[in-house]
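In the two complexes below, chain A is the common chain; its partner is chain B in one and chain C in the other.
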Partner chain A sequence: MKKLYQTMLAGAFLAVAAVPAYAQQYSGPPLKLGVLSDMSGLYADLSGPGSVIAAKLAIEDFGAAAKGMKVEVIGGDHQNKADVGASIARQWYDQDGVDVILDVPNSAVALAVNDITKEKNKIFLNSGAASSDLTGSKCTPNTIHWAYDTWMLANGTGKALVKQGGDTWFFLTADYAFGYALERDTSAVVQKEGGKVAGSVRVPLNTQDFSSFLLQAQASKAKVIGLANAGGDTTNSIKGAAEFGITKAGQKLAGLLVDINDVHALGLPVAQGLTFTDGWYWDTNDDTRKFAERFSKLNNGKYPGKIHAGVYSSVYHYLKAVYAINAKADGATVVKKMKELPTEDSVMGKGTVRVDGRQIHPVYLVEVKKPEESKKPWDYYKILTTIPADEAFRPLKDGGCSLVN
Partner chain B sequence: MSAHAGTTASSSAAAPLSWKPFAVLAIFLIIGPSLIYPVFLMKALCFALFACAFNILLGFTGLLSFGHAAFLGMASYVSAHAAKVWGLTPELAILFGTAIAMVLGLVIGMLTIRSRGIYFSNITLAFAQMVFFFCLQAKFTGGEDGIQSVARGRLFGLISLQSDMVMYAFVAVIFFLSFLLIYRIIHSPFGQVLRAVRENEARATSLGYKVEHYKLAAFVLSATLVGLAGAVKALVFQLASLTDVSWQMSGEVVLMTLLGGVGTIFGPAVGALVIVSMENYLAELGSWVTVIQGVIFVLCVMFFRRGIVGTLMDLWSKRNAH
Partner chain C sequence: MIEIFGISSQALFGQLLIGLINGAFYAMLSLGLAVIFGMLNIINFCHGALYMIGAFVAWMLLNWLGIGYWWALLISPIITGALGVVIERLFLQRLRDLDHLYGLLLTFGLALILEGVFRQNFGASGLPYRIPPELTGGTNLGFMFLPNYRAWVIVLSLFVCLGTWFAIEYTRLGSYLRAATENPALVQAFGVNVSRMITLTYGFGVALAAIAGVLAAPIYQVSPLMGSNIIIVVFAVVVIGGMGSILGSIVTGFGLGIAEGLTKVFYPEASSTVIFVIMAIVLLIRPSGLFGKGA
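On to the complex of A and B.
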């Protein structure tokens, strides 16, 4: 099954790897990881096949083969449909012996996978889906959320823009779980900072023509148009706004979930000046630059974004926990171990996994560079502020997660 | 309805109920889950029922509806909502979903049944799109998320359906009974009139049948059984989503029916099995699956128009003739 993305990593490595004398050998069963993503649709660039690559790099860097761990990665395409995603997840767990599901961009699919994973007591390491409900009202002992979430995006971007004077907002909201969560979390921040929400319009997922929605946003006279969408929808709405001259007329666009791949798709002339929050940037230190270079060589020259970094980091940390347990364990036990151990890898840096399943790390408020400021390929962000981990994510007590106390 | 209904029963197609295919089907249903992943099998059965019910209309009445996803999807939303929010037991949730599909079928049927040919297809499609839009916007359907984590619950309040095998047994029984029912309908005097309508509507009218009543009855029956498939599907996957109500689904069922053999009893079920297997086992090819389906469809139309089962039956009768 899924041979296209499938790789057997162990075998060859095992034979040649020189085992360091101090390393304990892993004696548990082989592991199987499934990257469930949008492989060809609007989220394919910011997650998709790149996430499979990121998972493989993490296995390589962890030295799984040398430690005697046989780890296999397979990929699956959920086509952004909750029913397709749910049936793949079920089949992976029931039939194909998958231990962990990774990534899952699209909150609707992620919520379905979240339930199934709990039911089967497996592990869901989410970095693709944004909804903060996964570590809030819908949290489970089997799910960890990496990289970013809607609360973090809203908090960083919302605060910054209201402070700059953008105190009335109108939302273009993707019509599903993710969009609602992002709109809800951003509205809360805007109102808390003293701003007002003028209205919102719900837009079907994967819309090509945003003109009628943009005209409503324009008519609202709000100072800021909040884009509570992602991937292809974000780039389409930003392009549309540029064509209608909305930004020239003085309304400011707030991309609430912008990925570096979206900036690349838009091009700097259109994207310049956008201010938003991102969970990771490739050009922050030597380790991240090295990772970006390795990754882009395998991914047709496209650089990694926060989701890829999240997949890398989550796989790395998962392997660390399994290695520490060194036996066959059910999902909740491994996740418990993952929460005990601090996270540390060369890509995401240091962090921790909270009891509600939220992995926290510092995040960045960035501004997209002007074309003349960009010195090298993919040199897109100016980091305005680094938000420390404990401020970047929703406080534990506010999430309503049943695992907290 | 018509006083003539009883008089046509003696024609050749109303042969005595042959038990052999049903024995084969029953054996397949019993040993199936030990060979094939039961959740996949349940999905295949739901689609098989969907296609067989659709075939009442296309194969036996000669009406090509392009809006049957409306019944599948609506029933699936309603039964999911009933099971999840109202906490109905699974059999009641399924019955309720099916009843809603029947009512919807009656309303849409009354408004469309007078049109013919391509106009009928287009108007049913238009209604299905309205239903789609309703499902997209209505609060209870949850937009793109659909209705998730629907509890399968306890059958009659007693038997837990949580295990896939128990659920499978339940689905298999529903499928088998529905299949018998479809067979019975088609081989009844009523079914004979439907065929007469398909072959020559003007003649059926001249014989004194109220053709529109028959067509409407067939439409409602078909919609109801499609609804049953949708309602069961929602409980199997514990999820109701826009996929089931989208126009692609209406197209898919046409493909299943034609590929399996339009106008044969078992054909649509075989077609459904083939299409669902392709989508499942070739999923890694991504959008190529659609291309492959297209090629198969073209081949089917060019070389074996009677579909898989129809062609096999032809070969069989030729061999026996020698």
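On to the complex of A and C.
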């Protein structure tokens, strides 16, 4: 008996002594992450300051400090202008020692940052922009796309609506890179499923009044009006459609990129019944709920959406890769490591990063609840289907990415 | 059905009507700007922010105090107008004898501060405000479905615009105002309190913005950005109409709404820029604007 005690004690000592040796200390240089976002405009609530919070939470949860990693996060406002975004990116990389640019809602800005990041051999972890070109024709060894993209949105929503009989479509398209990509990807799905595209109208970004365009959509007699826009443009289109009795007259609205913050802004009485695809939802398990609670406390009570979750997950995975390399490494090398390691964190769950830079994970086809079905704050979605990771995103061979052999 | 440039006349009528509705907002906002510029010589860059505050006051009245749309239509302009009076007394009064540029910079700074405060507290994506139950639904006009609320917007804004124009051109108070603009010292000598009149005029101009804000609340999101989205267009309207011209701002407001509406049909990509193109052309041909008195 005494012997057993001694052995156990010795074992305990060994275990304690072994901990520091096991948890290796990071010995590479300090890291600097830049959240380049729309901090004050129409996309500020779905990304913006919330993305900075998400990045900080990820650093905390990874236990960076305990592992000896010094990680700093800074934020920048690109004002939805590609030239402004590009000059901030250059300054960050050239002068401020930023290693990674995060978030970047607005595909026009993201495509500019994509090029600069490759040129400087740094890292671009995109969650904010939607254009699937970032992992398609414009893919680089330095960019990874998290959370969602236009192909995934189009595929989930387009398929579901055509199956329900919505086989003719008219698009209200935001007049820039993102809108074009979303319209193109959705049209492809609709046509593949046997539907037809009746027409489209290109609407300038940040339009207040959509009634004119909605009347054109109505005149087209298409069964589905596809909203290839985002943020404030989407909420204004949905409000206008309700007001002009378009949905009541039988045409169905397809919000192609709807964020939970848009639903919150519209209110359930207007948004109810809207069906769309989302890359993440806060109320799916205990971990996501806990994250949402922490996040909302720091974010004026507003809950996180897919983009915030994407920023969190991408930062977490980035730190994991840097920690594994444990030395100074250039952008492409770190990204290569990130593609080797499977992604896993408490917010986004498990996933992988493909060779084209697409991070894949299961996504949800959701319907907005009726006001009486919503039991707690931000209780907005009914999950209709969970689309598995390998079906949710564009097949590797179809993207036209040069990294795919 | 008759077709005009490949578009059915029915669709065209619908678009014209929608243009008119948007024009109603331009007209009300540019009217306030014109009144303020005409009487006070101030280029009021925080007009958009005050329009936004008008909408937010309506939202707060409903959600915090349970006061509905109709009362808000009265109370919000009073509260916002009072805020305008405070701004005039605290800041603008001190700039009266200085160059225009100072007033412009000050009001621009104020607009940024006001917007920032609201964005910080309410976020950028805005808040919902429901159409009052009396005005939900709509009428089928044959060529389009006209929501009742939009019809109400046209009627009320026409009423407000023409009322203001009439008050300034044809009443005794209006004549005092016009006289005070021409020669404040002389009017003061007749025993009229010019300083107070100017303050109240500013308050009134701000109240006009607030009415537009309350009218806009149910149609658009009540959002901190709603003012900066519209203010630049409204300035273009004022410049096209002729700085300070009351009738000019009303007519160009509605007119440009229609021009913009037509652009949305024929070349939608340009709909956010067409007003500035018109402005450039007007300034080339008539530098003082369509209804300006000439420099």
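The working rule: the second predicted complex is superposed on the first by the 384 of 405 C-alpha atoms of A that agree within 3 Å, B and C clash if a C-alpha of one lies under 4 Å from a C-alpha of the other, contacts with A are read in each partner's own complex, and residues count from 1 in each chain.
The definition used in the following text is that a residue touches a chain if its C-beta (ideal position, glycine included) is under 8 Å from a C-beta of that chain, and two chains touch if they have at least 3 such contacts.
In this text the structure is predicted, and so the values were computed from the model without any measurement.
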Inquiry  = Please determine, from the superposition on chain A, whether chain B and chain C clash or fit.
reply    = clash
Request  = Return the chain, chain B or chain C, that is in touch with more residues of chain A.
outcome  = C
Ask   = Once the shared chain is lined up, is A:V100 touching chain B (first), chain C (second), both, or neither of them?
value = neither
Task = Mind working out whether A:D175 is in touch with chain B, chain C, both or neither, as first, second, both or neither?
result = both
Query = Can A:A110 be said to touch chain B (first), chain C (second), both, or neither?
reply = neither
Query = Touching A:V201, do we find chain B (first), chain C (second), both, or neither?
reply = second
First (chain B), second (chain C), both or neither touched by A:N236 = second
Task = Scan A:S40 for contacts with chain B and chain C and give back first, second, both or neither.
result = both
Request  = Considering only the touch criterion stated at the top, classify A:S87 as touching first (chain B), second (chain C), both, or neither.
outcome  = first
Ask   = Which partner does A:A292 contact after superposing on A: first (chain B), second (chain C), both, neither?
value = neither
Query = Once the complexes are superposed, what residues of chain A are shared between the chain B interface and the chain C interface?
reply = 40, 175, 202, 204
Ask   = Which of the residues in chain A come into contact with chain C in the complex?
value = 40-46, 48, 175, 201-204, 206-209, 211-213, 215-216, 219, 231-232, 235-236, 239-240, 243-245, 249, 261-262, 264-267, 269-270, 300, 302
Query = Along chain A, where are the residues that touch chain B in the complex?
reply = 1-5, 39-40, 76-77, 80-84, 86-88, 90-91, 94-95, 107-108, 111-112, 115, 174-177, 202, 204-205
Inquiry  = If we count contacts the way the header does, which residues on chain B are in touch with chain A in the complex?
reply    = 37, 39-40, 43, 136, 143-146, 148-149, 164, 237-239, 241-244, 281, 283-287
Inquiry  = For the complex, give me every residue of chain C touching chain A.
reply    = 8, 11, 14-15, 18-19, 21-22, 119-121, 123-128, 130-131, 138, 144-145, 147, 149-150, 219-221, 223, 225-226, 229-230, 261, 264-265, 268-269, 271-273
